[in-house]
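Next come the structures, one after another.
Next, two complexes with chain A in common: one pairs it with chain B, the other with chain C.
Right after this comes the complex of A and B.
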């Protein structure tokens, strides 16, 4: 019956955009480069036509042989090119018989001969230099010098006690940072070039004997089989490795804090770094992992940790359920509210034109708009937005009779409670669930709310991250682990 | 994907069907919240129902109730339900019984019998069986009582609610909830009690207990007897107030005290039944007309035996007054029946068993605190 209703749309076979197709219109991508510098230059000019930062240099050796060098000027070290390539070539008059002879003249750490057009173009894009002496095989000089920065304070994950040190956008350097945090030969890393074209450098990092080998193998095969042209962000990769990409709950978490990552590594997790992202992905994770930060262990008293984790769990419940609970109590089961409070709520609501549900949606939406607006703006404007929005929503809306006092209290408390969770990803998840719960509470009251929370629990219990149950140690229940979560051993 | 979608659709259908189990949405401000309901009968035999509803108006500068913001609506009908329906016709929104705290019943009606009313209260689902029952004495009309503004608490219904919730330590009255009353009149002796209330000089007064047998008001326990009734039923009564005259060293001394008593009884299986009641009490002296009297042990002993005597007398008085009307509202018969049903049957409890029973009270009063904080006449250093 449902087959006709949900008939799959036929995919239109659109020809895929492809780097290889583009290159193939100019050259034979698998062919070797010609030995004549003139031909090479001509073809390079076509491939990189309309590319202003593509730089070419041509000169003659004393013997009269022409030399052709090409590169992207912003990606290489120009002084090094000058000192260790151009200068030796011009000053020495050697009759090169093959490309290997170049090694005696050039003071470059690494170079290799080109194999085919495809590899050569990829290397140029990667910031390397093609050096071609007429009638010799062109070679690639590895003189890429990419713009980097020094590690700075993490800006998104504030902590009171944690290290004032964050990752940068270079995966190799980030692994170096981690080596400073964990000095252990068992700290293993595997490198990948992800994206058929972009070949973005990525690496997974794990502590052997701490983590499960199957997780590493699984990730390894996943990363090796990534077949899209480009990989832009760590988020894309996290979605790619997630087993349940349609779930609202994140199955990997991100961090820019080396101390948090080292904590995760010791817990047996696998960390993925990619170039161009100051965040790394940590997987597998559980529900409980999203509620803890490495900083919790900084507390000198164990009771502080117990309190703060308990606080986060309670806040998570409040932040998710409170508006829905308010709606269902006010609209469906007012007998469950204490009498004097009922009278107060009724008095607050008596001149509000909107029903409680609409009020809740309005306020929640306004709150999310405020958060989103202040998030994307420079900090000084962001503060202004916060004040203006707070005033408008908090005071003016009540005075204008659009929303009631009690609703403002409920939404304000909800908003504050949600942000006790250390993971932004997790906060966003609960934010969506909050809307869904209010919607179902508006339709079915407390019955619906209980039903929805039940479904949510079923979903959470079914979910897994890299085959690790998401709700562990609650389901499957492990008393010792649960105790350790709230009250870790000394 | 197809199976997932069909599963979701099925789920949606099931949830929608189950939605019938939930009540429909109605905002707080669309309900007329009834806090107290009074039921009585007039001279023509019609039921008079009075409801008390808070008037919901927006508050300037903050929330909460202000004085006098309640309305009392009265209407009549052939049945209680008719009267309620008539009231519904004059209110703008739906009558909402979810917050009903107390049902006040007129003494006239109570004498005729509560069965009809209890049936209605019990059948209507929105009426919680946690509501308090109160009998309004004849000298006060039920609607007059509901219209009475207390100087202490804004709504009379809330006054009663707070009075009972705060567990007023007067031992002159005790709260009875609907389910408790229903439970007790379903026990072997088919008797129970409900507190009395009335208005005295513009004040709400809650004291004495009305005694019911088979749903009809048949007697009452006055003042301290009400406290003793609580002791006999619940086996504990706290903070009874006593003021006694004791002769100490040939002087009349007035002593006031607060007493907490417990009760334990043993049944000798004779016919008629003999009940041995052990009553250990703990007292605290709160006032003495002669300050230096509580210092000696024999003073304290003299006082405690006097106090014990008074408590015993009051208890016996309460028992005897109930024996006179042959009603036993304290579940004593039920307790005998639970332990030994055959023996209970042989007693013929309802007809003569209770009336002929012999009850011996052994009381033991211990003075826990004399209340004296310092020796006021002690010798000063250097004198």
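Right after this comes the complex of A and C.
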């Protein structure tokens, strides 16, 4: 039933949304460009009408032949255009017989002849330059220079030992960064333009012979069939490639750390980069992958790694189940906990007007509001919000008699435990599940909680990421892999 | 595009855990003195009781070897007349529904006794069957994987039972068997113990899903022996701690065992209640297995498209829910009809099927000879 519910629809690209249709109203998109500069300019003026940043330059060679150059001024290197293209053309009086002769004059790294209108316009939009000498085939000069920044420290994935080096918003440069980490000819990449309108550059990166070829082909077909107008973020793409997009659990993970990505590539995973995002998506992933970081391998003692991973698993359980367990124990089975603790809890709750369930919901909601608020604000204000909010929740709410001390302790410990997980996406998932478990515990106590956990486990066992079971190596059971997770080989 | 996954196979580990979990739950919780047929030597009876099921496995293996097909139900369908086949399948289906009903009632008794005294049985039963229905809809691979993950539960319980033998509460003097009755009476009273292994009937539908390279009968036999050891340990420890007279009056001796260990200064004052959550999970597992098994049987009776697998599940859930909520709460479980039916549909009928299939010639053999004549 759920397989059908979660099945991805295979849509055909909606042609009317693509820019090809718009272009086809002006020119034959598959036709070659005419050899007359005047005609080409006229057509370009129509295509890029009302486009203030579209720049054209026209001049004559000493021989009298006209030269036409067009580009988007903000996307190219103007000094390089001047030095490598315009100056050599003006200074050298060469009688060009065909476009190949230009290679002897121009000092650009790469150029190629235009094929058709569609490709030419795509190249201009991509930041390249069209150079057309009258009666010759127009050529594309690859002199794009997009605005970018230098790699900086990762801002969201903090690590003690890991590399202080994060991705930037340029997919090609990010692939270049990865080539510094993995110097192997088997590191392959495939490029895509995703989004019918946005044509955002994307790329998949994988290690041949490490990665399952079917996964690459499957991703390839999915990315080629992306038919929405706009691709906004890597998260949007991750949802698109997920087999179970309605599940709460992420089936791809995101990272801004090249060291983590290189670790993932060696594990046989595929990495997706898109322009405009400093994060990449990694797939396929398992439950266990979401609990590990590349930094774990920095520990000099293997026992540290074992301890850290065990700690994360236990923390995940605590962070998810503790509020629901507290509610079921207080509301349904107080006899389960020691008498002295029961008395303490009862004394703490004696002045509280709310039932334990409402108390738990209130506190969890307040905590999530605080987290969300501190995320959206600049760091200095965010910290203040955290302190003020913490004080309000921790002290004022207790003194006002709205919540009990024990509930504050439970929720605080829950919050701290949850954040031991390295994946923020995963933390968010457990946050939602926490609410659901509290709701069930409020209705049916420990009995309901156990059955809900059982259902959750079956759901997790049903999930897969690119056909890799989510709970691997626990189920299907693979003792060697499981041992390697907790106690990797030297 | 369909990615060929090397992880979708069901292997030996999965088969071992499935066999164990399909049989162990109810026997575990209510062992040893819940049946009216009991005599004092329960620990000896559970050992004797495994023998018919070892015979079951032996015959099953012989059938599979002879016909080179693990799908016994389809073999039976091909080699017998339709009315016999549909009669047997319908009987198996009805009995499985009866087991689901009895299991749910057992769960309701446990939950109402220990966890939720004031909650009506329909709330407990309906929620249980609803969650089972939702979970079973995910299919056998998800169910199998879940069972493997939860298997640590059984290991914890097994270790706990072993540790009891070394506790001060355990007294060896309570253990020696009372064989004052004749062997005939002993064997007759062992019938109730035999049914504790009956859950392995679900293997009929499960084995065709197991990877063909896996030697299936080794994990199944090991699992049944492990079940026998678990039952043996429960009987031994219960008798050793409580003695015969006291244990006879308990609803769930294992739960009572857990109560004896709890320290009032520990984290959990009532460890038995904590273990009750383990029982609930065990009921959940066996419920999943039997709902899935009955859906497979229903498919044999009313062939439905594979895509509509969830329809079969929800038919089973609806039937079970209606039976559970329309019948009164059971105060004293009468195990006799349940045990007799269990013995019939999990042992007698399958053994008859195996013998019939062993007598019949292998499919295809002799057909060419007839044609040439």
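Criterion: the second predicted complex is superposed on the first by the 349 of 490 C-alpha atoms of A that agree within 3 Å, B and C clash if a C-alpha of one lies under 4 Å from a C-alpha of the other, contacts with A are read in each partner's own complex, and residues count from 1 in each chain.
Operating definition for what follows: a contact is a pair of C-beta atoms (placed from the backbone, for glycine too) under 8 Å apart; a residue touches a chain by one contact, two chains touch by 3 or more.
The structure displayed is predicted, hence computed values, not measured ones.
Engineer: Could you tell me if A:461 is touching chain B, chain C, both of them or neither one (first, second, both, neither)?
Structural biologist: In the superposed model, A:461 contacts chain C only, not chain B.
Engineer: On the A-aligned overlay, A:405 touches which partner chain: chain B = first, chain C = second, or both, or neither?
Structural biologist: first
Engineer: Have a look and say if chain B or chain C is in touch with more residues of chain A.
Structural biologist: C
Engineer: Does chain B (first) or chain C (second) touch A:355, or do both, or does neither?
Structural biologist: After superposing on A, A:355 lies in contact with chain B but is clear of chain C.
Engineer: After lining up the shared chain so the two structures overlap, which partner does A:451 touch, if you call chain B first and chain C second: first, second, both or neither?
Structural biologist: Once the two structures are laid over each other on A, A:451 reaches both partners.
Engineer: For A:475, select first, second, both or neither according to whether it touches chain B, chain C, the two together, or no partner.
Structural biologist: Second partner only.
Engineer: According to the stated criteria, A:332 is in contact with first (chain B), second (chain C), both, or neither; which is it?
Structural biologist: In the superposed model, A:332 contacts both chain B and chain C.
Engineer: Between chain B (first) and chain C (second), which does A:212 come into contact with in this model arrangement: first, second, both, or neither?
Structural biologist: Only chain C; A:212 stays clear of chain B.
Engineer: Do chain B and chain C land on any of the same chain A residues, and which?
Structural biologist: In chain A, residues 1-3, 332-333, 335, 339, 342, 444-448, 451 are touched by chain B and also by chain C.
Engineer: Which bits of chain B are touching chain A when the two form their complex?
Structural biologist: 1-2, 5-6, 9, 15, 18-19, 21-29, 31, 33, 35, 54, 56-59, 63-65, 96, 98-99, 101, 126, 128, 158, 161
Engineer: Contact residues on chain A for chain B in the complex?
Structural biologist: Its residues touching chain B are 1-3, 5-6, 8, 330-335, 339-340, 342-351, 355-356, 405, 442-448, 451.
Engineer: Looking at the complex, which residues from chain C come into contact with chain A?
Structural biologist: Of all residues in chain C, those touching chain A are 1-5, 7-11, 13-14, 111, 115-116, 119, 123-124, 127-128, 131, 134-135, 137-139, 141-146, 148-150, 264-270, 273-274, 276-277, 280-281, 284-285, 288, 307, 309-310, 313.
Engineer: Over in the complex, which chain A residues touch chain C? Could you list them?
Structural biologist: So the residues of chain A in touch with chain C come to 1-4, 212, 214-215, 217-218, 221, 332-333, 335-339, 342, 444-455, 457-459, 461-462, 464, 466-469, 471-472, 474-477.
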